[in-house]
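Read through the structures below before going on.
Shared between the two complexes below is subunit A, which has subunit B as its partner in the first and subunit C in the second.
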Partner chain A sequence: MNTNKRILDTATPWMIESGPQGDVVLSSRVRLARNLKSRPFPAHANATEKIKIRQEIMATLSKDKYNLTNLEEISSLERELMMEGHLISPQIITDPTGRGVAVSKDQLLSIMINEEDHLRIQAIAPGLDLDNALTKANEADDSLEEKLDIAFDEQFGYLTAWPTNLGTGLRVSAMLHLPGLALTNNLPRIFGAVSQLGMVVRGIYGEGTEALGNLYQVSNQRSLGRTEDEIVKDLDTAVKHIIGEERKIREALLSKSKNSIEDKVRRSLGVLQEARLISTNEALALLSDVRLGIDLDLIDKDLKPTIQALMQITRPAHLQKFMGNSLETEVRDYYRATVIREELAKEG
Partner chain B sequence: MLCERCHVNPATVHLKKSINGVLDEKHLCQTCAEETGELQILNLGNPLGSFFETLLGSMELKPAMMQTKCEVCGLTFDDFRQKGEFGCSDCYVTFREELKPILRRIQGDVIHKGKVPKRAGGTLSIKREIEKLRDNLKELVAKEEYEKAAKVRDEIKKLEAQSGGEEQ
Partner chain C sequence: MNTNKRILDTATPWMIESGPQGDVVLSSRVRLARNLKSRPFPAHANATEKIKIRQEIMATLSKDKYNLTNLEEISSLERELMMEGHLISPQIITDPTGRGVAVSKDQLLSIMINEEDHLRIQAIAPGLDLDNALTKANEADDSLEEKLDIAFDEQFGYLTAWPTNLGTGLRVSAMLHLPGLALTNNLPRIFGAVSQLGMVVRGIYGEGTEALGNLYQVSNQRSLGRTEDEIVKDLDTAVKHIIGEERKIREALLSKSKNSIEDKVRRSLGVLQEARLISTNEALALLSDVRLGIDLDLIDKDLKPTIQALMQITRPAHLQKFMGNSLETEVRDYYRATVIREELAKEG
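Moving on to the complex of A and B:
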């Protein structure tokens, strides 16, 4: 196929980068929910109203800084690609009319327009770096507030469509890779403790999605009654605790059963290098093993960016975009296997 | 991913069924999922909406209150009770008192302590500053540092004038 270069280029840049605590934490994310004062929330607005609100918001955003997209003007495949790149949420791709997204040139900041709230400002940082993400989201929030009348109440704070986001409108989360805790069946215990602290654990695309490739998203539940810094600090503490547990298990695995772990991760690499048909779920599970192998120094570190990129681009929409047409499942599984094989051979 | 039945709409319903150990996967759009009856199994309604309904069921609600309407968007408290979401930012003002016990349960608090926007925040930043200075003043008086206390008191007066002076 010899098109490797192109498919790697379709991965979101920050997903390939490794940040602080990158052996366990893939990325940190901060989201602020904001609304325009006295205007119907998106779920209660008709198409005309939504389009008008979108126009008003987009008029305040500089084209030098952001790529602006009206979601009904792009294909459903393009929307799915944005979802797989974590730029928009799964909920908004099915009803795109009047909705939009502004994405910064480095793709680290995105502003969703007319999702559940009029504005969802989202900042992402590679690794565990919640403070940095919060600072960036706050800057974008401040410059929007200069030009838009934002709904705010002295008692309740920022007013949101759902009372579950009221107050700060803040949701902070970290994407964690937890193969050690998963392999040793320790996740229920850890997640139980985390939920006692008021945090939630979800699959990779947020609410209602399943966990693939041992990837879990941990986030705060409450948004009212505490400052943004307190919310960030609490999540940071919880995540560092989980990192500690995951590392402990990895060390134990390495010291007690090095051969069987090395066998497992190398077999997974072998399958990725040789298979002719791979489903998304199998690919993510095998890539998770190889990633663990790299983090345990059992597999060459140079492979990490490729593995991180493959974790994203082997998902259905990215693959379909690359192949052009809509693909039958078996054909897609064939192409997925081919892409992975060729990409790994290039590194080999 | 496109719906595997109509090949037109994006697949938004992803089903996994295990019947006698045989795994069956389906990727359908909303319409096809409804037509094939697959969605019925999944459609449990809005989980958060019913959560609010249960929560509010345990509260005493007067029928008059249920019909209270937000003047800006027309949403009634009964609508909110069923859906769990509001129609516009003014709903919070209309249903302020009814909402407090709910917020106490889902958020554990009813007072915002976080960021205050520059324009929309009004005089809240100043009020918070005054509160901080009052605490400071109490401490200084307790420590009998009257000179410093006098300065803080002047500062409070200045800020109170800025915020409209309605507070004493």
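Moving on to the complex of A and C:
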């Protein structure tokens, strides 16, 4: 095993940082959907048309600022890595032709080309910081609109492939870690309230993905008829409500059953430090426990970047990139356990 | 917590040594039942008579060689400690009056006074070493018989309170660690065969006690009509058969599922190193796993004395002696986890 290069360095940088409300919120994300005028939406374009659209868009993007990738020109493993790094969506990795992505050097900004829309501008900020993400996305949008002819209607706003994105074309979301609410079976209640506010809750890789490691993505449902500021403010309010509930539960756990909760999170750390076989799902569950332990001051805070990175790099593609290709589950589970153990050992 | 004194030092010395066949056999034990002529058996003697008998016996025992204890003169905690150290039997700790024990300085020889018989001479050797234990018990017996008038019948041999002990008055036993046979559900088959050979299998503290931590005590059933050598040889043969079966299973586990078995024993070590609450039974189960890991060369051998000592000192009385009295289960579980964690941390 290549132990010279720190596997930690293969994680997306913002994944290992902590931002505002970092005890509950991993990251904030803003995504703008944009389309070129007089061009078929990607779902209705053939390969040649899509490639032409991609060329037109990429020609406006500076190579000093972005790494530009034509998705059919990289391996499926590289595409999966980008997906696990939240740079592209799961939907497009199996049909990459004519699709592309531009990723800023700090990976906080990415522009997907020919996903459902011609352009999906995504900006990310660690912690709860939607305003910051929105500002960055708008800057990228302004710069693109100077050079491209973007479809906009006085009545509907930005025209998009799906009606739910009409209007501002804005989707805002936050990735939340909710182990306290999960442990006490309070998630259905909270998510019920959130959906009544017009928000939707998903697993960590978006629509149709599982909620692993007690990670949940909360986002706005609709874009039409609302201003950007309203959308951001609504989500911010909903997320702050969830943060409050999660913190309340955590405090109750600490005051009523500190020994049990410390026992639980410490045992998970012990298993991560010693196990020889760990599945993806178990790894995320154990890492979630340890993350909770850190946020409750029961486990050393210095471990947090490692734990956050491990949440990403123990996913199948990252592991495969590092360890080489193996299709056998036991071999992958063995490597996963090895990576986790060695990274935790480096932290002493 | 008093961390200056190593809690390891409170374990019975022979418990932490490894003897012959130490991968499976913790210890060998030989016990001779003897009674004084013309005195009522303890069950039929009143307190005054028992005290007189005890005085008579203790007068023959050198204080240079033995620590002499009248059991009603020590606390119930001290009696439980002796029981957990295998120096006295569970049966007499609740009715100590007129009873006593002489323990050699190395704790390998103990003489119980007024248990079921007036004298029960017990010799212990680490590992499988019944001959050694028998020699020591016989030396102690010879020395006692020089000074005391022991009941012996030409036809029945040594007279004892229970007919099963008639004849040589000899019971030989071995304490076995059988995690492989337990894991693969082979114990009923093995124990069935053993009982057909006239042996009996019990838990770690003798008759009526649970089998914890995959520890089993195998002993001869009868004493009458057989010579000492026959009894010892029969048990030795039976134990070697069990050792062979246990080793065969362990080898099969290693060759067929090394990763799984290493994962299992390492996880148990991880939990012991990090848990904050551990019950007696869970502690023994986890320690059993780690002991197996050591014997399979999957965990560092240097840890073995600590693991063997922890198997004893995490028992309730030892824990209470070290930590002070607490009747609350959670507090005891907390101290147990603390002791285990600190001792394992000392081994690095």
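Just so it is clear, the second predicted complex is superposed on the first by the 341 of 348 C-alpha atoms of A that agree within 3 Å, B and C clash if a C-alpha of one lies under 4 Å from a C-alpha of the other, contacts with A are read in each partner's own complex, and residues count from 1 in each chain.
Simple rule for what comes next: a residue touches a chain if its C-beta (ideal position, glycine included) is under 8 Å from a C-beta of that chain, and two chains touch if they have at least 3 such contacts.
Computed from a predicted structure; not experimentally measured.
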Just subunit B (first), just subunit C (second), both, or neither: which does A:139 touch?
-> neither
Should A:347 be classified as contacting the first partner (subunit B), the second (subunit C), both, or neither?
-> neither
Subunit C versus subunit B, contacts on subunit A by residue | B
First, second, both or neither for A:263, with subunit B first and subunit C second = second
First, second, both or neither for A:9, with subunit B first and subunit C second | neither
Mind working out whether A:320 is in touch with subunit B, subunit C, both or neither, as first, second, both or neither?
-> first
Touch list for subunit C against partner subunit A, complex | 259-260, 262-263, 266-267, 269-277, 330, 334, 337
Using the touch definition up top, name the residues of subunit B that touch subunit A in the complex.
-> 1-2, 4, 7, 9-10, 12, 30, 48, 72-73, 75, 84-90, 92-93, 96, 99, 102-103, 106-122, 124, 127
Touch list for subunit A against partner subunit B, complex | 35-41, 43-44, 76-77, 79-80, 90, 93-94, 116, 138, 141-142, 145-146, 149-159, 161-164, 166-168, 170, 222-228, 231, 316-317, 320, 326, 329
